[in-house]
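First, the structure itself, so that you have it in front of you.
Chain lettering (A, B, C, D and E) follows the sequence in which the chains are written, and residue indices restart at 1 in each chain.
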Amino acid sequence: ATLTVARGVDADGLDPQQVSTTQSSQITNLMFDTLVTLDASGEAHPGLAESWEISDDNLSYAFTIREGLTCHDGSAFTPEDVVFTFDRARDPETKNPRLAQYGPIESVTTEGNVVTVTMTEPYGPLMSYLGSFSIPMMCQGSVTADGGFEPVGTGPFKLVEWSRNDHITLAANDAYQNFNPLIENPGRPYVDELKLVVIPEAVARMAALRSGEVDLAEPSLEEAALLDSDPAFKVYSADLSGQQVLTAFTWKIPPLDNPDVRRAIGMGLDRDSYAMIAYEGLVSPTTCPAAPGLIGVDLEKCAEWGVSYDPDAARAILEGLGYTQDSPLEVKLSVHALPGFDQMHQMMQQNLAEIGVQAELETREVAAFFDHMSQENMRTEGTPVVWTMGYSGVDSDYMTTMWKTPGFVNMGLGGEMDAMLDEQRTLTGDARVEKLQEIQKILLEEGYAVPLVSPGWNWLWASSDKIDGFKTGFVASILFNDVKIAE
Amino acid sequence: MTGALISVRDLSIRYGGPDAPAAVDGVSFDVNPGEIVALVGESGSGKSSVSLAVMSLLPDSAHVGGSILFEGRDLAACGRREMENIRGNRIGMIFQEPMTCLNPVLSIARQMTEGLVRHRAMSRSAARRRALQALADVGIPEPERVMNSFPHELSGGMRQRVMIAAALTLEPSLLIADEPTTALDVTVQAQVLDLLVEIRNRTGDGVLLITHDIGVVAEVADRVVVMQGGHVVEHGPWEQVIRAPREAYTKALIGAHMSLEEALTDGGLHG
Amino acid sequence: MLFYVARRLLTAFITILVVVILAGVLIHVVPGDPITAMLAQSGSADADDIARLTAQYGLDQPVWKQALLYAGNALQGDLGTTIRGGEPVAELLLDRLPNTIALAVAGLGTALVLGIPMGFIAAVNRGRAADFAVMLIAILGVSIPGFWMGLTFIQVFSLHLGWFPVAGTSARNIVLPALTLGVVHSALVARMTRSALVDILNEDYIRTARARGLREHQVLLVHAMRPAMISVVTVVGLVFAHLLGGQVITENVFSWNGIGRLAIQAMLQRDYPLVQGFIVIFATSIVLVTTALDLLYGLLDPRVRRR
Amino acid sequence: MADQTPAPAIEVRDLTKSFRVNGRDVHALNGVSLAVGHAETLGIVGESGSGKSTLGRIVVGLETMSSGEILHEGTAISGVGRAERNARLAKCQMIFQDPYASLNPRMTIGRQIHETLRAHGSRQLAHNLATAAVLLERVGLPQDAAGRYPHEFSGGQRQRIAIARAISTGPSVIVADEAVSALDVSIREQILDLMAELKGTTSYLFISHDMAAVAKFCDRIAVMHKGRLVEQGTTRQIISAPQDPYTQSLLEAVPRIGRRR
Amino acid sequence: MTDTTTNHRPRRLPAALRQWNIAVGALILGIVVLAAILAPWIAPYDPFKMASGPRLTGPSAAHWFGTDELGRDLFSRVLLGARLSLGIGFAAVAVGLLFGVTFGMIIAFCPERVKALLLRIVDVVYSFPDTLLALALVAFMGPGVENATIAIAISLIPFYARVTYGLAAVERAKPYVEAAQIAQAAPARIMRIQVLPNILQSLIVIGSIGFSSAILSAAGLSFLGLGVQPPSPEWGSILASGRNYISRAPWILIFPGLAICLTVLSFNLIGDGIRDLTDPKSRRRRS
């Protein structure tokens, strides 16, 4: 049977070491497996490696590679393939955009069945990334004789055909063995063929779903809400997305340099209604600076540290600082486009107006937005900017990328925070959890981040009720191994 | 009266509305088969308007009164189809201003042959041969070149001859020629007039010749209708009108016609 | 003549080259860069990574150097590889070019098939109910956003009637997008046709054609339409050139795998080589069509020919 | 050339002009040389298609020549700068053979005359319209003519409008291409008289098929045939003693009362 | 025109209705403009106020045009939206026409060599994709409605210039222009006074149709940061933000679409009326 799936955007490429978007990794993840796998709690389980050992100093990881695995091209998957994968990932020629997630690798060596990855410094998040689509294992056959690339992995599907922006056809890998605890089917996927077509317009995608032209599709927020109440359709949302939406501030620009002002603004934001109205009730309000489900994320604790919706208190604080309805605090509310953002920001604007903050909305497309924010975050005077963004990852470590100087779009906090973020990487287990929470506590108490909702984009799926067994994994990955199509 | 080709009765034309002053008022005359009737008169007296009325081609702003019978049939009562079959085929027309009356984007060949193709069911190539002949008949020196030209590439006289030739190829029963020779040098004019007379003699068709050249009238017309200010002021056989004009205007018209010799002395310029 | 055409082609070539170099500079002025855009979406916008990749892609070079380098390579037929996915730009664009041309031709054809008769009917019935009705239809066509019309077509023809698939790029699928494009652009064609025709129907040579006893339809179709088409062709030609650059909205709604979608994506991702490659194609189609138009004026209007 | 004799108003030397039609050259003018003196009226008669209009158009600068030279007041027009060239050409006016086509269909007659006067520095609309009214009356048009559009006139009336427009600026050279061909004799007299009034200051290139009008109006006559000048001389010479056979046949063909075809 | 009956048929429109199109067009446009001006006073609700009613309800007595996804009153929003939409459409087309027509005319009246060069320059500008132009403009001038309007105007200029050039080149070859040239009228005046009125009809047509496309492309640019920023209502952006509600709440699309449609209709009616006025052949003669 063929399963036809409609998405809004195609992959940028099929080379897992070159792609960067979620949509691309969703595809590569179907063709490439990972060294380890993650269960729903984020705990590492065996994958292509049947076991591993971590040295006491947390610097060396020894993975024992399973035997009897075959690549799509029929060759056996060997420890050399693992080394090949790591070497290629680190080769400048590869231009790997996710190299930072591999951590401070010193060397990757093999001995018999064992591959040893040695770090120059301890790197806590490694196992999470190894279990996600960020670091998939490639077979050596992926590099063709003329130096070109061809996706050859050990994953559940192999590539049949790709026509960019139109469709990708994948065939079930007969030799597939599954180790992912999120998946029940131990072997080859039930469907023979998987066809992923691109239908950019959400309404058209839904029409295709309704007409039976496709079996599974990404709905728009608006349509998902409609389908949710229709018994002929199922709507799925990714619980393990690792995504969330949060509000941040150009905290160097007065008066946003004052934590009270930032917290007051946070208090003015009614995230429950954003979730209910802007997101049609398909997301949940969240409280932590890292996404729910990731390591060290405890929504209840975060709720204590952070602010909750309390416009009266917010107004009081701002009034105390001289900002009233009549002489409001003027800020820009700078955003880019994501599903639900448009409505949410209009609601935020209205919320802010009620507490004496006059926010002027400023929309930009993604590239210009980040460029703009990089500049705004460097300023120390002028109109302060309140801005919203989405962020995702498989490990709470992404807070390092965001907040450690210079930080994402120059939003790094510097000082003590840099040190804490560095430190959390060297820790494991409870110690790391504790450190991560300490970091989050500061972010929330100082009002650097106001978490809004989770998840945020590409996390919704809808199918006809004939489809059974569709699942989503970490970082909004999509899993088809268990899918059965009822006649 | 039996067998008038066309009889115009009490024709009035008003431009702009039923209440506008009449450009043509109470005009009546006949053209019989085999007859060349000259319509002469002062500039603006309504000659062209009358001819357009006969063709039913006045602009929408014109209001027409009176009747026009062609071979006994009231043209006003003709349907569109019928009129299309009459025009060009039974009544041909040569317009006064050859430049604006030729389609600028169609070749001369196209414009000359389309009538033949339409009314005579000729093939394009046969029509082309016929048209070439007609161009030669009106004294065009290089008919082939002219055929392949566009109107703006021709001299004024050539365009006028194209108009004449196009109308003549169809050999209509009635030919209306609105000042057909104004742009022609006198030798060509003579040739064209000879041609008209020859066709008339051969086929017995009628011609309504609009002109202001009394010399031309005297040479070819059988009868003369003189118009002034929208009215017919005099009407009769050519000898009578030219030799013994009754109306003052007609007299003036004829009196003003000069022979070359008169012109020389009259102009009396420093010769 | 041959010399003339050769000279035209040379100037066309130079025009395109100028566009490409200008675009190469312009593109770097636009805020945002491919690497930040890429990493912002990767969940790994690490500052070190950005610096490293920027250097690896040669984006740290001076702008003029990059623009000239690109133009130089382009002259040798090398349009480079995309930043996202590392695919050869020329191949990517040329694969989609036939789709885009097909849609542009079909869309424009539909616009002409709808628009010219509408304009014709309106002009012939000027001032009457038919004129007004045609105008109303034309204006509806141009005021309704393309995506709305397209989606409605999908709802009606694909979902309810099941005549056409919702999505895809095939001969069967071209009907609805072509219809959408056609309806949107037919307004311009119809109004332009009407406007030109109304003027021409007043000309003396139309009277001459009637005097020749031509059938009314011959008069209108040959004597009136031929000259009227001159101004229509100008507009239509320019629209066609534009359509050859892809129709983002229509391509999106009908999942048509054309150049427009690819281009807008490239633009938003700041995939410079792809954007520049697209501009090469877009500029080429504009220059070719406008050159053809200039030649066509002469063909359609002998009065302009000698100039 | 003696210094004392003033240069002719217009002089044409060895003018040729060919058009390219369907890949073939059509020689409209073939080595034509002639001169029009100050306040002189030169009649140009000749075969239809012999290049008379083309000559006129070249003289007023509407058409380029293939070779040859045109001198205004003794100065070659090709040798002077743009501004001077324009200034010289500004003193020339032309009455077109196709009066209707030469009138702007969307402009009233009064307005068109105003535009012409305006180009010659008379900017006041009211004043120009008054001038226009006088001129239109003099060419025998009804009072309301200034407010009407070209299509509302008869052929002869349009011709008179074109004449009125051309003489409105008092040009020093007028090329009159079949200016009176569509006029009946009585009005033609009137118009020719009007044009004659300007003769003291204006040189005319009077292109016509109407031998009588030419005989009456012109000082000298040039006869053209197939792009060449076949004969030139005073009016009396040409009319009473034509030398060239073409001229003879031309005169022979003039219609006259008393001959019947 | 049907032949023989032509002359006897009563005039197609009675005298009073002669300028019927202008009258109706002006009436519609007047209403729209009035609505734009008076919007703050006549709007039944605050156009920005969320939850004026329940979300996404259809047209009713309380909300004539229904409510949008945030429960705002759509009627009030469409009313206020007239301001920006009229402004954008009008300004973009006006600027585009002004420059486009001027360039086009100049090109048509240029000597051969200069003409080729100018045409190529127009081609160069035309060769830049709208989106790139718009993005570049944001770079130079920052986001905003005004800049969106400018971006659209710029992308319209080469089109208008080319169309004008095509039309004017045909006119230029006509004898009446030659007659004006002989009179040595200044070229600029010939273009403006002689040629322009004769090609005006077609320019009105592309202008009036350009109005709606300008509004729609402004909406298309708003996600680039150009164009109207929410929550300001503008017809095109209401349409754009409502696109995913096409099956759930079609009224969000219908009413602003209708507003655009009516406005464009009024322009077209007035355009036709102007044609009738300036077309001497179909004009009544004053008696």
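We adopt the following convention: a contact is a pair of C-beta atoms (placed from the backbone, for glycine too) under 8 Å apart; a residue touches a chain by one contact, two chains touch by 3 or more.
Just so we're clear, the structure is a prediction, and the values are computed from it rather than from any experiment.
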**Item:** Centre-most chain, if every chain is reduced to its averaged C-alpha atoms
**Value:** C
**Message:** From the centre of chain B, which other chain's Cα mean sits the farthest off?
**Reply:** A
**Message:** Using C-alpha centres only, name the chain that sits farthest from chain D.
**Reply:** A
**Item:** Intercentroid distance (Cα basis), chain C paired with chain A, Å
**Value:** 38
**Request:** Would you kindly tell me how far, in whole Å, the mean C-alpha position of chain D lies from that of chain A?
**Result:** 86
**Request:** Using mean C-alpha positions as chain centres, tell me how far chain A is from chain E in Å, no decimals.
**Result:** 44
**Asked** Using mean CA coordinates as chain centres, what's the chain A-chain B distance in Å?
**Response** 88
**Item:** Contacts with 2+ other chains: residues of chain C
**Value:** 30-31, 147, 151, 155, 202, 204, 210, 216, 230, 301, 303
**Message:** Could you pull out the residues of chain A that touch at least 2 other chains?
**Reply:** 203, 365, 368-369
**Asked** In chain E, which residues are in touch with two or more of the other chains?
**Response** 1-3, 12, 135, 138, 173-175, 243, 246-247, 279, 281-282, 285
**Item:** Complex contacts: residues of chain E adjacent to chain D
**Value:** 174-176, 178-186, 189, 193-194, 197-198, 278-281, 283, 285-286
**Request:** Could you pull out which chain E residues touch chain A in their complex?
**Result:** 48, 50, 55, 69-70, 135, 138, 143, 222-225, 229-231, 241, 243-248
**Item:** chain D - residues contacting chain B, complex
**Value:** 19, 21-22, 24, 26, 45-49, 51-54, 97-101, 140, 151-160, 177-178, 181-189, 209, 211-213, 215-219, 234-236, 239-240, 249-251, 253-261
**Fill in**
In the complex, the residues of chain C that touch chain E are 11, 14-16, 18-19, 22-23, 26-27, 29-31, 124, 126-128, 135-136, 139-140, 142-148, 151-152, 155, 187-188, 191-192, 194-196, 198-199, 201-202, 210, 216, 230-231, 234-235, 238, 241-242, 245, 248-249, 263-264, 267, 275, 278-279, 282-283, 286-287, 290, 293-294, 297, 301, 303-304, 307
**Interface residues, chain C side, partner chain B - complex** = 202-205, 207-216, 218, 222-223, 226-227, 230, 300-303
